[in-house]
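In what follows, a single structure is set out as structure tokens and then discussed.
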Amino acid sequence: MPRDEAGILSEIKRDFILRRLKEGKRGDGRKPDEYREISITPNYVPRSPGSAMVCLGKTKVVAGIKVEAGEPFPDTPNQGVLTTNVELLPMAFPTFEAGPPNDTSIEIARVVDRGIRESKMIDIESLVIEPAKKVWIVFVDIDVIDFDGNLIDACTLGVLAALKSTIVPGSKEGGKDFPLPIRNTPVAVTMVKIGDTLVADPDLEEEQLSSARITVSTTEDGHIRAMQKGDVGEFSMEEIRKAINMSSNLGKAIREKYFK
Amino acid sequence: MPRDEAGILSEIKRDFILRRLKEGKRGDGRKPDEYREISITPNYVPRSPGSAMVCLGKTKVVAGIKVEAGEPFPDTPNQGVLTTNVELLPMAFPTFEAGPPNDTSIEIARVVDRGIRESKMIDIESLVIEPAKKVWIVFVDIDVIDFDGNLIDACTLGVLAALKSTIVPGSKEGGKDFPLPIRNTPVAVTMVKIGDTLVADPDLEEEQLSSARITVSTTEDGHIRAMQKGDVGEFSMEEIRKAINMSSNLGKAIREKYFK
Amino acid sequence: MPRDEAGILSEIKRDFILRRLKEGKRGDGRKPDEYREISITPNYVPRSPGSAMVCLGKTKVVAGIKVEAGEPFPDTPNQGVLTTNVELLPMAFPTFEAGPPNDTSIEIARVVDRGIRESKMIDIESLVIEPAKKVWIVFVDIDVIDFDGNLIDACTLGVLAALKSTIVPGSKEGGKDFPLPIRNTPVAVTMVKIGDTLVADPDLEEEQLSSARITVSTTEDGHIRAMQKGDVGEFSMEEIRKAINMSSNLGKAIREKYFK
Amino acid sequence: MGTASDIKLINEDGLRLDGRSADELRPMKIETDVLARADGSAYIEWGGNKILVAVYGPREAFPKHTQDIDKAVVKARYNMAAFSVDERKRPGPDRRSMEISKVISEALSSAVMVNQFPRAEIDVYIEVLQADAGTRIAGLTASSVALAAAGIPMKDMVVGCTAGKVEGQVVLDLSKEEDNFGQADLPMAVLPKSGNVVLLQMDGDLSVEEFEKASSMILEATKKIHKIQRDALAGKYKAIALERSGE
Amino acid sequence: MGTASDIKLINEDGLRLDGRSADELRPMKIETDVLARADGSAYIEWGGNKILVAVYGPREAFPKHTQDIDKAVVKARYNMAAFSVDERKRPGPDRRSMEISKVISEALSSAVMVNQFPRAEIDVYIEVLQADAGTRIAGLTASSVALAAAGIPMKDMVVGCTAGKVEGQVVLDLSKEEDNFGQADLPMAVLPKSGNVVLLQMDGDLSVEEFEKASSMILEATKKIHKIQRDALAGKYKAIALERSGE
Amino acid sequence: MGTASDIKLINEDGLRLDGRSADELRPMKIETDVLARADGSAYIEWGGNKILVAVYGPREAFPKHTQDIDKAVVKARYNMAAFSVDERKRPGPDRRSMEISKVISEALSSAVMVNQFPRAEIDVYIEVLQADAGTRIAGLTASSVALAAAGIPMKDMVVGCTAGKVEGQVVLDLSKEEDNFGQADLPMAVLPKSGNVVLLQMDGDLSVEEFEKASSMILEATKKIHKIQRDALAGKYKAIALERSGE
């Protein structure tokens, strides 16, 4: 994760945040398991078959979906294809640079992708036009336009909203247009460990103070669909259990509020 | 545009050129609307289906054409394909570097390309072998081998001469060889603004002194086919009108002298 | 060739080696035309159709072969395809860097490739599945894992052993698996010139002291199949004759000991 | 320019496919300060174009050899989102976007008081979220608003518009269909105080008279657009949150 | 995870395709000091995995801007040989290997006493010669042996293992077929002294109870694997030359 | 080397397809000072080869880490124009041209008095405008003329030629057809004063006796070529303008 412009948080700010956390309060007044405000605008790019803009606090991303006919992978002739790409645009943060994806953006894209893919959210078996020859390829592209922490969750929310609004252009291949078949809603929740406290949905300051990060994706059935531990720190098994529980609860709340 | 080796023209040279320009004379004695000597050698690379070497003053370029069968673009199934590439070879100037095209060479290639393409100089509808499946692809490649200013015009002259000498290898696709069908001769004329004066066909020294550049391509009918303003300066509308007029006159003269 | 970590051999070591060479002895006690110990483990990567690990003194390489069906080159419709790639892994030496092949690794790969290809070691005419449409492509990949000089010979030995153990997976294309058809054994021998002495199979120290390098590949019939002079030095014709002779003798010995 | 088409782009009443008259602009709105992290930002909707611009700087130019000891370097980066056009666009710069970045950088450099910031760079990041003809001009027009919002001193704004030729008629502000099937395209940008031209490109086929007509139309239109720029900076639309702009 | 298959991965006796029980590891051996040039090295065979690790450093971090004034940077590079998988793999990093390099670097950084070497880098090069499911964990497990062999101070080793779900059952140390056709994959690595987790990834479908079971299995297995690491460092298998390890 | 062919490359009179005898060179001409900007330049036509060489330097080596504190670095860059061969060649270096650049750089370094210019680089840019077998040797031969024309001190020129085997016979200076369908190709370059070899590559099939014959032929030919080099530098052909050399 990038540092702020000065490279490190000032000592004073750092102490303030750590002191407040001991009292169970975060820098911006949230409780440890509290999410920032979420705002979702589906169909933000109306000419795309699917899209959404998401604000997670001051973090903003735009997700856009393209669905095009193409060849399946040789080892999965009866499945459509899903690809996920995240662009950390230089407009989003002073130290983000233009250029090919680096390991940060690749990790985000792959964790977001696994959450979607492993939950079987999309019924990719239904995206076959002609087995082994032609299937629908779902391109998920996410522009990060304003960065204030927790990109994995913001991008996942953007993709969920965009996919749920997506119309497959079946008429281009001699069929009918149809909504992308969606089976469930895997919500990713990311938490970081600051001192001994686990906090959900970290903002940039908190990411800079954290020693370790963990993302847990869950579905309606409470099952875990993807996990990713990140950063140079450790979690006890107890902390991981707590993270799974926190993710499950927050996931349920988010699903009910935004993806009914 | 690259600076000279010292990075900037000496103050003395600069003053000299500016003083002379006020009297309507250029550093090398030319009048503002006067071109340098042009020398064109068609078929410079005789094994290519088309080629030419052009000297424009001390600027030298070699243009070569390859015509190969290939697929048309999906949205233009009944047209051949034209692609234009300019290589600013490191042999041409001390600060030119080997490597993929940079924004300077891309701008030159695209302005040259637009002049050719938009004038409909080549009858690309006649370059279809089998509609939607196989067409002739015309590869235009230009090596800049010696650089003394005004590459857009030098490259355009090279491409005009090379295309006019091009034989399409129709026999490779079961037909007959035939000359590339040419409909007109779009001449690009580039001018720069030094102080308040507009001068045509700038050499390198003049490019270094100029505040703004403008290229106007015209055809036999006096119509404008492409324009490009370049560099960090401004033109009044009056100056643009003057530039169009100067281009039209010089274009006519060049067309008559070299492309009869 | 890379320098050692200090960038250059110490003066003392250098003098010692040069003094000993005048007496016909090398730093490690070898005679000028003596090879280091060779150890070859065929089938080192048993899941590959062919592979081998080679230790040449402290230099270690792993060669792996993949054989896949693919298209032939248009100008050789009745031949299989051979491609050779060498990876100078950063694990092999402190200054080797990850990244695309540089001119050192490309030279090694191309000299190894020419030795194999020009000797017609592999009967590539027998690798056609369907003429002009489908042939066997033999991918030769060599990982350099520990570097102590003379990579051309070490890589060639690895490729020879790997190819000789290779089974073409004909059953994947409706035929039977069969051993890659091998016709001869081209052995590459590399020598460097230190002072006035030609020494075979240089280790890294000797490569750092050498002024010029020469590789000669020969086959059973004593014919030369590939040569490559390298580095910024000169050879007299007499020295080249001596190198050819030395290569021929060493090649014969290696062939008899390791490739019967 | 100029693929033949059966579509009738101008009807017998002289109206265009979207109902506009020859010299009528598409709907446009500009908002500022839409991003939290950037030093200045702007969002423009112009026809179906949706474009975001963020400005960072002046800050020390990097890498060092790009520094100009006399002035700031303005580095615009025009980029199309993968989902901004009908067929998915591969991420990363292509030849077209590199050329556009270059001419936009040059046009903005004419307006910014670059001499005040030697050795600095001013970065202008233009992200096309949805493309609908005229993106370079829309991006440039929004860029000068974003620069102003970032407090960067400019001798003037940069205001642009395109005109073109469609079925033999000169029209203002080409739509996507007019761009695809028209006969000429003329994007142009000026400094409104002097009327001087800082960006000019053209391709297609224009007689000198048609060029005169087209450029006059553009100059007239830039007055309206400049007002929208000023209004945006005056905060008129500031209250409209970015997230409301979809639908 | 999870392409459907007709292969029966667990038989009626509860045994897996290769005859293992649910909580049984594949055969494993680790050797150290297998390379002459590196500062430390290790070779691991684990099932059909054959992986080499070389360590260089601590040495000055390069390029300079990657230096951390407070500590050493651990840079792991996970790479698959072109011949390591069934279909030839194009050389060079892909997205998967870049992510794996990142999580391995982070896991090793937890164990290495990085504060002792400000401005330095410690390079860990992992070359997968033959891949057979679980390469990241095998590479990481061998890496901490190679770091120890290089004499780099660590507060603890890093030991990993995977578990997963196959035909509804939680099993340890997935084989290639189980990885391809199973329902969940959970690679995990811990510091054995504290039992704390330094690498954790998961994909597939696990209930919370299944996760508990899988992670317990892994923790139990890491004790055995840690012993193999220690034995390797104690020189037990040092005599076995690298070149004998093929056949 | 060595694709089978029905073409008869040598007729019953012992003459080759283009009428040459076994030890006959193709027509050759060299001109100097053909480019205005370079510090030295040369143009060579040799058979159907048309190759330009420009020399820049000695100048400070860049980037800095390429500097040698003891001597100048000679950096040759061999490049084929996109239109130089029958099928359009994609611009940019490929593996073949990178290898050729390396062996040419090394050969030229043998001749240049590099010790006179520590920390400097001497750039030799070789552009093949039309290729017709033997381009590396033609480019190298022209390069040493261009270096001399640039006034760079050399202990000797570099002169090269190729020989090969065609239908069992050793012949000098292979043509394109002979290169494509012959049995061996031996490019070689020497310092004429000492006769020492500075470039040598070979592929195909040569007995030791055939190698002796081929190398003797080359050595003989280099005397003639060296004379053409000297004449070019003496200005004999200087008057022939580069632009006349086409048709």
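Think of it as A, B, C, D, E and F in the order they're written, each chain with its own count starting at 1.
Criterion: a contact is a pair of C-beta atoms (placed from the backbone, for glycine too) under 8 Å apart; a residue touches a chain by one contact, two chains touch by 3 or more.
Remember, predicted model here, so these are calculated numbers, not experimental data.
The minimum number of touch steps linking chain C to chain F comes to 1. The chains that touch chain D as well as chain E are A. Chains that count as touching both chain E and chain F, per the definition above, are C.
Each chain gets a centre from the mean of its Cα atoms; the one farthest from the centre of chain C is D.
Centre-to-centre spacing of chain A and chain D amounts to 32 Å, using the average Cα coordinate of each chain.
In terms of their C-alpha centroids, the spacing between chain A and chain F amounts to 58 Å. Inter-chain spacing, taken between the CA centroids of chain A and chain B, is 49 Å. Taken as a graph of touching chains, this assembly is arranged as a ring, one closed cycle with exactly two partners per chain. Think of the chains as beads on a loop: from chain A toward chain D, the beads read A, D, B, F, C, E. For chain A in complex with chain D, the touching residues are 39, 41-48, 51, 53, 55, 58, 60, 62, 64-66, 68, 85, 87, 89-94, 98-100, 139, 141, 143, 145-148.
Residues 35-38, 41, 48, 50, 52-54, 56, 59, 77, 79, 81-84, 86-88, 91-93, 123, 125, 127, 129-130, 132, 242-247 of chain F touch chain B in their complex. Here chain A touches chain E in the complex through residues 75-76, 101, 103, 106-107, 109-110, 114, 117-120, 214, 221-237, 240-241, 244, 248, going by the rule given at the top. By the touch criterion stated above, chain F contacts chain C in their complex at residues 1-3, 95-96, 98-99, 101-103, 106, 109-110, 186, 191, 194-208, 211-212, 215, 219.
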